[in-house]
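Below, subunit A partners subunit B and then partners subunit C, in two separate complexes.
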Partner chain A sequence: MKKQHTGWLGKVYLALVLVILYLPIFYLVYYSFSSGKTMEKFGHFSLVHYRVLATDTRMIQIVINTAIIALLSSLIATVIGTLGALVIKRVRFRQQRQVLLSLNNVLMVSPDVLIGASFLIFFTVIGLRLGFVSVLLSHIAFSIPIVVLMVLPKLNEMSPTLADAAADLGATPWQSLSRVTLPAMTPGILVGYFMAFTYSLDDFAVTFFVTGNGFTTLSVEIYSRARQGINLEINALSTVVFLLSLALVAGYYFLSSRAGRRNRVMTVKEGDVQ
Partner chain B sequence: MAHPLIEFRHIKKAYGDNVVLKDINFQLESGKFYTLLGPSGSGKTTILRIIAGFNEATSGDVIFDGQRINDVPANRRQVNTVFQDYALFPHLNVFENVAFGLRLKKVGTQEINERVERALRLVHLQGYQEREITEMSGGQQQRVAIARAIVNRPKVLMLDEALSALDYKLRKEMQTELRALQRRLGITFIFVTHDQSEALAMSDQIFVINDGLIQQSGSPVDIYDEPLNHFVADFIGESNIVPAIMKRDYLVNIGGLDFECVDAGMRPNEKVEVVLRPEDLDITSPEKGKLLVTVDTQLFRGVDYQITAHDADRHEWKINSIHKTTVGSQVGLSFDPEDIHVMRLHESEQDFDNRLESYEDEK
Partner chain C sequence: MKRLMSAMIAILLICLVLAGINWQLDRSSRASQDNTLTIYNWGDYIDPALIKKFEKQTGIHVDYQTFDSNEAMLTKLRQGGTNYDVVVPSEYTVSRLKREHLLAPLDHAKLPNLQYVSAGLLDQSFDRHNRYSVPYFWGTLGIVYNDRLIARHQVQHWRQLWNPRLRKQLLLIDSARDVFAMALIIDHHSVNTTNPVYLHQAAHRLHKLAPNVKAVVADEMKMYMEDGEAAAGVTYSGEAREMMDNDPHLHYLVPSEGSNIWFDNLVIPRRAQHKAEAYRFINFMLEPHNAAQNARYIGYATPEPTAKKYLPKSVTNNKAFYPSAKVMKRLHVYSDLPLKDVGTYNDLFLEFKMLTR
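Presenting the complex of A and B:
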């Protein structure tokens, strides 16, 4: 034990940071239960906005679209990214590996607006109609580097003799991959999947460029509605999404602490779950 | 020997310009305990990996049971390996780790259960089937790794620095157990280590490897008592290695003094090196000693005292003595003719054996 108790200053600081981070969200949540039309004055407790939300079929359709895009794109990105990480790991020469990894990282740091714009140009040039497919493809594309970055460390910390041991015990290269390497790196793959999922859920900039007329996702829709003026239905929706995110995080920690009995406990590097 | 189980014929291994194995030749019999002994980077692990099939030899033939197996992939060779880091599968429990090889061979469930249990009993881990690997101590993990290998009934079990991660006491215990296990199973063990005491304690035959070459092979006693060259003498046990001149058969001159010895078969007045083991040197009074030295340091090690001293030529001597002496005093060293071991410079193992035979017949 390095420190038995943090000083009171540290506690106050921590509390302040948490308050500042969560206050806007709670403000939003608070007014979602108001009967009023604006956030200027709290009327009385009412679920009227939730009722409106429940009957807003367009909004529900958009939520479903967003979920499908997130689930599907992160799944496909996880498969591609995991294979990519395996390939990068196999590259013999250090320099080549560095180049591949840098190409991967450039996509991580380059601005979303740039990526979105380039996708728009790309899809227009090849004549792909903007809509579900274009959004899905671009989400897969920007999720792959995330998965690679999450999976690679797990792969690096795996002993290289594991594959040797599998072969030694009679496993063909395919059996070695499917029975040893992939199961052993599953925690990393899961983290990659979760990260890709959340990135896809809350992406605005890229999606904004590649959604066509008929198709839109939650973040783009909320943006366009917020521009038209305050609407407490958005508050209700945000509350639902926030609670879902909380459940997701809780579920994730439950899973990883159960897995922790087998493997070392892993922690999410970024609490990016919105 | 009638039919060697494993044979290396002129094996070379190079990574680009980096030559790891220069010319390795040996034959291993079935049912013996072999040790590949050498410092890190000597090439001993590479030899093991070539036998296992993880690495390919650049040239030369690997013969297993009369068949050339250079092109047989690792998963089809009848050898199993215990890795230095054990390489246990973290996502499987003890039972599934041990059963891994059997499951791949599609052995029936009933038989798997029996064989896994028997293998675990052999390594004293009965009842640990359901444990997770992370719940096992280092020593237990080591045993799981051994069980996982022997459950496949290989003809050869290879152990790569298998004991080096264990603490001293556990290592000593495992040495005895490994040796007993090898006798019980009756299969060939190939043990790779850099620890000479481990090699001496366990092996039927030791291959001392350095610089990509086998420096010397033989029984532990042979290698300890009759090291072929400076490297072997220095690497195996503690030793005093001093330059000397072989005046004639059975007479060697060390530092200007003539000593009777038991070596012969060299040219008169040939320059040689002489090995004297610290435990063969006895401290006596200056009058009785064959050599006069001054004591520099003395360390108590429990069993004995480790003493360093220097002679008139400022040459350092290591002495292990159960009797205490005084630092700074002048003492005599006495030893018997048999304690002197003479090494010719750059003598090959073959020439050494021939020379030994030539004068041992005379006697």
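Presenting the complex of A and C:
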């Protein structure tokens, strides 16, 4: 009886949290269909803001730029971060490992503005033109620590005897890495990639400093519109982006649940063999 | 491993496709022009139709970049590494840019349309003889009031804001210089004074205002005024304009004893790489038809009397946004004060804000 009661309370609490989290987004989506110019009064239903968005090539280009930066920077950061995690794991002395990890974490917690400003100074000192490359490099740089942090626990979970066993059975170091270690790390790597992706997608502070020469990202553009008040074209765009990310999450869920089923089948088979 | 590899290749392919689309869009919008003009402006602070018109007229491709504050823009200009051909700083930033030798002097012979700009708005203290800058938009500091809550004649002058009738009915913009300007003007002092006696006198005056102040706010003032939360507010003309568009009961006025005037200006950075195109663009924006079109889109006051002809009479006859010559003479630009004095202003303002809690 008591258990049921807490269950009910829990559900209400959960619903409340979800509503609070999603309400602003739905509010924004709702007004994207308004014919008016502001979010104060809903005119009548209209797709005018979507039409404006569709003809705004500059905005579309900015969205594409943002997507490329996010996809590419998180990919490269994942490769580097995974290698980094492997190296950190291999360091024998605990103290040294701790120092490496702390250095990694310092980058995680230091303010974005600071990182952005130092990148700006760094790039201009070495004479790199600000633009696509500078944004890509800085995004890679701030994503690496996140990937390391996501991958390392998976690596720690893995029994060290697995690699030894592979070596015993005659696997070369490369084979043991690609056939044993990496597959065990895969969930961590994927999570790391997605975390890096979202970090890159919505970063404003760092990106603001290193954009230039005709290259800009969505967050910088939207933020700089604040002085004039943000118009409903942004609402339309946000709606599109929101639906896109919803589709991505759904797709990821679908894929992973299918993969999960396959894995289960495989383990059952292995069990049968035993 | 295989799964990771295929995921990696898939991501790279998506990137490639996106880059392809981007390249295609770039090509179609650029239409085989090599010369590009980079404009660095506040977000959404120009009518996009004008950029299209300029591109069509001149064949120059415009690259529109945006910033969100003078300080951020200053940092990017200072640091270099980027090329901007036309930038739109506010007046105190112009003097700062000038001091740091970041601006190119303007050749007025290349800007024939400068003749259309009102003489009263040229040759301001932040840039004598407009050597480096040309006004883009301008506005004032003033009082916005709600006619359902208070009559016009009760909020016509700065002094009247101290009236006990306005108890807890006043909103102030969260800016030290602007709030002190009210008090300094009442005492007939310069809004740029650094004399500590005058400043303390002003602070003392403001302390007496505290009971009337409902809140010291920024952008939220729009919302509060439209909701009728307060009878009057001290804010900028541009902000007031937006409130009035949403609520016909709100009105704006500039006290006749004087106030602050602000400018956003067009400048060419010293390191600009397309100066010829930059001149053409500035000249294009100064053309009265274009200036009027831009003013209609943005809603701020245009510096060109000729452009006013193309705007609705209801706007240009409004004394609040285009004050009479007599009032114009009493409007003062803030000068860029030394850091020490900015500190004094801020400290005294903070004290005042604590009183209003």
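Criterion: the second predicted complex is superposed on the first by the 238 of 274 C-alpha atoms of A that agree within 3 Å, B and C clash if a C-alpha of one lies under 4 Å from a C-alpha of the other, contacts with A are read in each partner's own complex, and residues count from 1 in each chain.
Convention: a contact is a pair of C-beta atoms (placed from the backbone, for glycine too) under 8 Å apart; a residue touches a chain by one contact, two chains touch by 3 or more.
It should be emphasised that the depicted structure is a prediction, and the values quoted were computed from it without experimental measurement.
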| item | value |
| --- | --- |
| Room on subunit A for both subunit B and subunit C (clash or fit) | fit |
| Partner chain in contact with A:I60 - subunit B first, subunit C second, else both or neither | second |
| Partner chain in contact with A:S224 - subunit B first, subunit C second, else both or neither | second |
| A:Y252 touches, of subunit B and subunit C: first, second, both or neither? | neither |
| Subunit B versus subunit C as contact partner of A:P183, first or second or both or neither | both |
| Touched partner set for A:L120, first subunit B, second subunit C, both or neither | second |
| Partner chain in contact with A:D168 - subunit B first, subunit C second, else both or neither | first |
| Comparison of subunit B and subunit C by subunit A residues contacted | C |
| Minimum Cα separation, subunit C to subunit B, after superposition on A (Å) | 10 |
| Residues of subunit A at both interfaces, subunit B in one complex, subunit C in the other | 179, 183, 186 |
| Residue ranges of subunit B in contact with subunit A within the complex | 52-54, 73-76, 79-81, 83-85, 87-92, 100-101, 104-105, 132, 134, 148-149, 152 |
| Touching residues on subunit C, where the partner in the complex is subunit A | 1, 3-4, 7-8, 11-12, 14-15, 18-19, 21-22, 25-26, 28-29, 36, 38, 42-45, 48, 63-68, 72, 75-76, 79-83, 226, 242, 246, 298 |
| Interfacial residue positions of subunit A with respect to subunit B in the complex | 159, 161-162, 164-172, 175, 179-180, 183-184, 186, 261-264 |
| Touching residues on subunit A, where the partner in the complex is subunit C | 38, 40, 56-58, 60-61, 64-65, 67-68, 71-72, 75, 79, 117, 120-121, 123-124, 128-130, 134, 178-179, 182-183, 186, 189-190, 208-209, 211-214, 216, 220-229, 231 |
